[in-house]
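Working notes, structure below.
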Amino acid sequence: MPLLPSKARLAHVVFESDDRASKTFDIVLLVLILGSVAVTILDSVREIRATYGTLFWFLEWGVTILFTIEYLMRIWLSRNKKGYVFSFYGLVDLLATIPAYLSLFIVNTQYLIVIRSLRLLRVIRILKLGRYVSEADFLTQALYASKAKIQLFVGSVLSIVLIMGTVMYIVEGPESGYTSIPMAMYWAIVTLTTVGFGDITPLTPFGKFLASVIMLLGYAIIAVPTGIVTSELTAAKYKNVSPIRKTCPTCDLKDHDRDAAYCKFCGSELERIL
Amino acid sequence: MPLLPSKARLAHVVFESDDRASKTFDIVLLVLILGSVAVTILDSVREIRATYGTLFWFLEWGVTILFTIEYLMRIWLSRNKKGYVFSFYGLVDLLATIPAYLSLFIVNTQYLIVIRSLRLLRVIRILKLGRYVSEADFLTQALYASKAKIQLFVGSVLSIVLIMGTVMYIVEGPESGYTSIPMAMYWAIVTLTTVGFGDITPLTPFGKFLASVIMLLGYAIIAVPTGIVTSELTAAKYKNVSPIRKTCPTCDLKDHDRDAAYCKFCGSELERIL
Amino acid sequence: MPLLPSKARLAHVVFESDDRASKTFDIVLLVLILGSVAVTILDSVREIRATYGTLFWFLEWGVTILFTIEYLMRIWLSRNKKGYVFSFYGLVDLLATIPAYLSLFIVNTQYLIVIRSLRLLRVIRILKLGRYVSEADFLTQALYASKAKIQLFVGSVLSIVLIMGTVMYIVEGPESGYTSIPMAMYWAIVTLTTVGFGDITPLTPFGKFLASVIMLLGYAIIAVPTGIVTSELTAAKYKNVSPIRKTCPTCDLKDHDRDAAYCKFCGSELERIL
Amino acid sequence: MPLLPSKARLAHVVFESDDRASKTFDIVLLVLILGSVAVTILDSVREIRATYGTLFWFLEWGVTILFTIEYLMRIWLSRNKKGYVFSFYGLVDLLATIPAYLSLFIVNTQYLIVIRSLRLLRVIRILKLGRYVSEADFLTQALYASKAKIQLFVGSVLSIVLIMGTVMYIVEGPESGYTSIPMAMYWAIVTLTTVGFGDITPLTPFGKFLASVIMLLGYAIIAVPTGIVTSELTAAKYKNVSPIRKTCPTCDLKDHDRDAAYCKFCGSELERIL
């Protein structure tokens, strides 16, 4: 009787999710991912770090060792090792292991931005969760199908922001806070997207009038991306597709309405599906 | 002739809504619920409490006694007493009665948070209104049907907030108000949802650029939940589907309106579903 | 040859819009309405009033006289005089005439709020434009059809605002600006609707967490009214109605799909529309 | 062998996009447009201008000369020269060349607003990109089809802003910042569109209540334009309708896809529309 699992058995546990062992593996990994991200978040709060800093340090190293084992195991168990290492998840898994190792090399803790960047690396681990999501396909397809319209929309919004921002820059000027075209464009985006921080606001009457136009525009054009995405999702949903799609025996066309009796391209009678 | 209503009659008045007596009962209860919540709201305003405090105290006790009678009556009249007591509305009804009783035990009025919490309890009474809403089913079904897509969306938004927040925490840092990753995530949510309080705003040029990206993203991805919900509601509306779908015995057409008795394609009579 | 138009001719010019005279009447009225509202708006700006105040006074009296003539003319020309006077537009037309007359009685200009209220009356004239809008029906029907769902939605939002507001009132308290439950509810509405003035903001960590929940909720539930309205408009548009609607010769049912060959209620063969 | 391209060849390169030369021409133009706009944006930032001002001056003149050559070339190559010069893109191309020439005439740099206006002219060049967008048709048609409903919606929003703004002007008054009706209307737009700068906020309890009503209204009526645009896009998508609808000569079915050659109900051949 084997004391250690065979290589095939390990591969099944790591890559599949159908029996108890592989589901447990997935759950343990999920907990480690969420837990390590939570520790990173809490570690950035001064008061919490003061109290729990040492515990966090131990947890971080524990997680690092476990993720390193997981990474090396995935490489060993993969049939296509090169394919995995250079895939998206291969890179994410690698990045997930290195923060603690990197911190060994960064001795001088003066560069806060470096320390804070390491936190970002640790937070990237959240992307490892992507493996467990299958519902994404449907949404991604709907978004991909409307790619051209979305690009057009983004380009139009940026052009509006550019022109409106420059006009506000002329009308209000640096005295009101609109110190340059980039600053005015930043304000235009804050206003068009209806965020409205209030760090810069128009002070002249004509500026307020122009701002009103921009606000009404932003309020209305929100309808466009929503309309694009919704019509794609609705069309996909109601495309009148039956699970068993009729195929025309003559011309092989598959795209028939559910209630069609004859092929719309060649006129042949379609098979009845019972 | 009975002077008091029989138990069966009382049960009908409390649980049904079809004759005058039961409709009157429902209306009286509605008025009591809305009235007691209104009193709680007004009681929290110092100036109003100063003038009407005593009246409110009497009203609160009156309502408490009436809700206690209602609660005990529901228990007495229920066939499944245990089922009611531990149901959602059973708990809401119980919580609706206890604030005044609890206040008898809390003598020391120093703990403002306790007093304010009692107000929350009194406000929970609004949930008793849920019994009178039947239209909720349609909406709840549409939301439940898209549960997986909604979970995916929420997970994606939280991941974006986590990563974007951490990047802003690196770029801006505590000097700009982004004192920790949680604080930066709070700002990212304020910005992505287009609320834009303005209590924290980016001060560096690169921070403003990143903020612009987040704002445009938030402005666009509002389209996704809207698209999900709308496509579900539209599909449900246009399908007119009964849970049990009739199939035409002659031509096998399944696409019939719920109220159809004859097949629209071949005229055959459809089976009655009982 | 008549020098003055006959009563019938006048009635046609006032109530119809098909020949040149009646279209001219409509345009003149449109200009008067928009012009008098513009004058009221400009008159409220101190600097503009200082320069043009006297001109505005003359214009206001001119408009008042013209609207009075119009009002009296409509009464005289109406067949159902009582019906007109007590209708929505009858009341609007009356209110449109009285501001200048009222100002004769208000001698003491100390009560600014009275003067400002008269401005509101003058601005109400904009509602006279409603007569010229016919496209409103389609939208109004879609809104009316989803009345129940909209009521449910509004009730749910108010309940969320009530409960969330009270929780923030407990957590943050008057020290942070949440001085009473109404104040906290105002903040909750400002946040849920993603307006985000910033006049009140959460200061405690738990308050910011709760605020984040409210913001994400508000960001998502915007999908619901949009979904309701959109699905109504889409269903109405694509209800599969041909301009010539088939009527079942046997049971008189008009509601058939365009592709139906047999009546879904009685099975009779539907007439072919050629 | 020709050393210079023939006039016909040049015209093909400028106006078409199918072979390598014309695609290269398009790309070079694209880079020039985006590059000159980027230079204008950066040139408005004091610190960047201080360092790179001279380089920008040279680049601006280089671009001016190139755009002048392009403009003159388009005129020379056009068959309908007058048509081009007075068309939208003809005017944009002309405006794209003149900023640097204009600056030769403006000697006195005191008028900052003039200098800033020249920047706007230079930024207008972004509109030259419009030639390369073909996807716009689909969206523009959907928007044009719902023109009447959109106009009605805009008119209603402006009327709401007018009346609500005037009421807030009465209730809050100049002491709270609502100094005139235009100012109050500006605040109403800021609030209705959920931007919420926070530069003006209601201070009285009744004002806050009214503001809450406006916010909930704005939050809800965002559904209307979204519904209009979405239902148009969805209908257009699912209709697949050609402007000339084919009718089946045998069974009279009109509901055919644009690409259908045979009737889906009876199999007959559909007429070709030429």
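First chain written, first letter: the chains are A, B, C and D, and each begins at residue 1.
The rule we apply is simple: contacts are C-beta pairs under 8 Å (C-beta built on N, C-alpha and C of every residue); 3 or more make two chains touch, one makes a residue touch a chain.
Given the structure is predicted, the values throughout are model-derived calculations rather than measurements.
Shared contacts of chain B and chain D, meaning chains that touch the two of them, come down to A, C.
To find the repeat of A-B among B-D, B-C or A-C, check which pair has over half of the same contact pairs by residue number; it is B-C. Remark: among chain pairs A-C and A-D, A-D carries the greater number of C-beta contacts.
For the self-contact between chain C and chain D, the two sides draw on mostly distinct residue numbers; the shared fraction is below half.
Distance between chain centres (mean CA atoms), chain A to chain D: 28 Å. Averaging Cα coordinates per chain places chain A and chain C 40 Å apart. Listed for chain D are residues 182, 185, 194-198, 218, 222, 226, 228, 230, 232, 234, 238, 265, each touching two or more other chains.
Against chain B, the residues of chain C that register as touching in their complex are 148-149, 151-153, 155, 159, 162-163, 166-167, 169-170, 173, 179-182, 185, 191, 194-198, 201, 205, 208-209, 211-212, 215-216, 218-220, 222-224, 226-228, 230-232, 234-235, 238, 256-257, 259-269.
The part of chain D that touches chain B in the complex is made up of residues 194-198, 226, 230, 234. Put simply, chain A touches chain B in their complex at residues 37, 40-42, 44-46, 112-113, 116-117, 119-120, 123-124, 126-127, 129, 133, 135-136, 138-139, 142, 150, 154, 157, 182-183, 185-186, 189-190, 192-199, 218, 222, 225-226, 228-230, 232-234, 237-238, 258-259, 272, 274.
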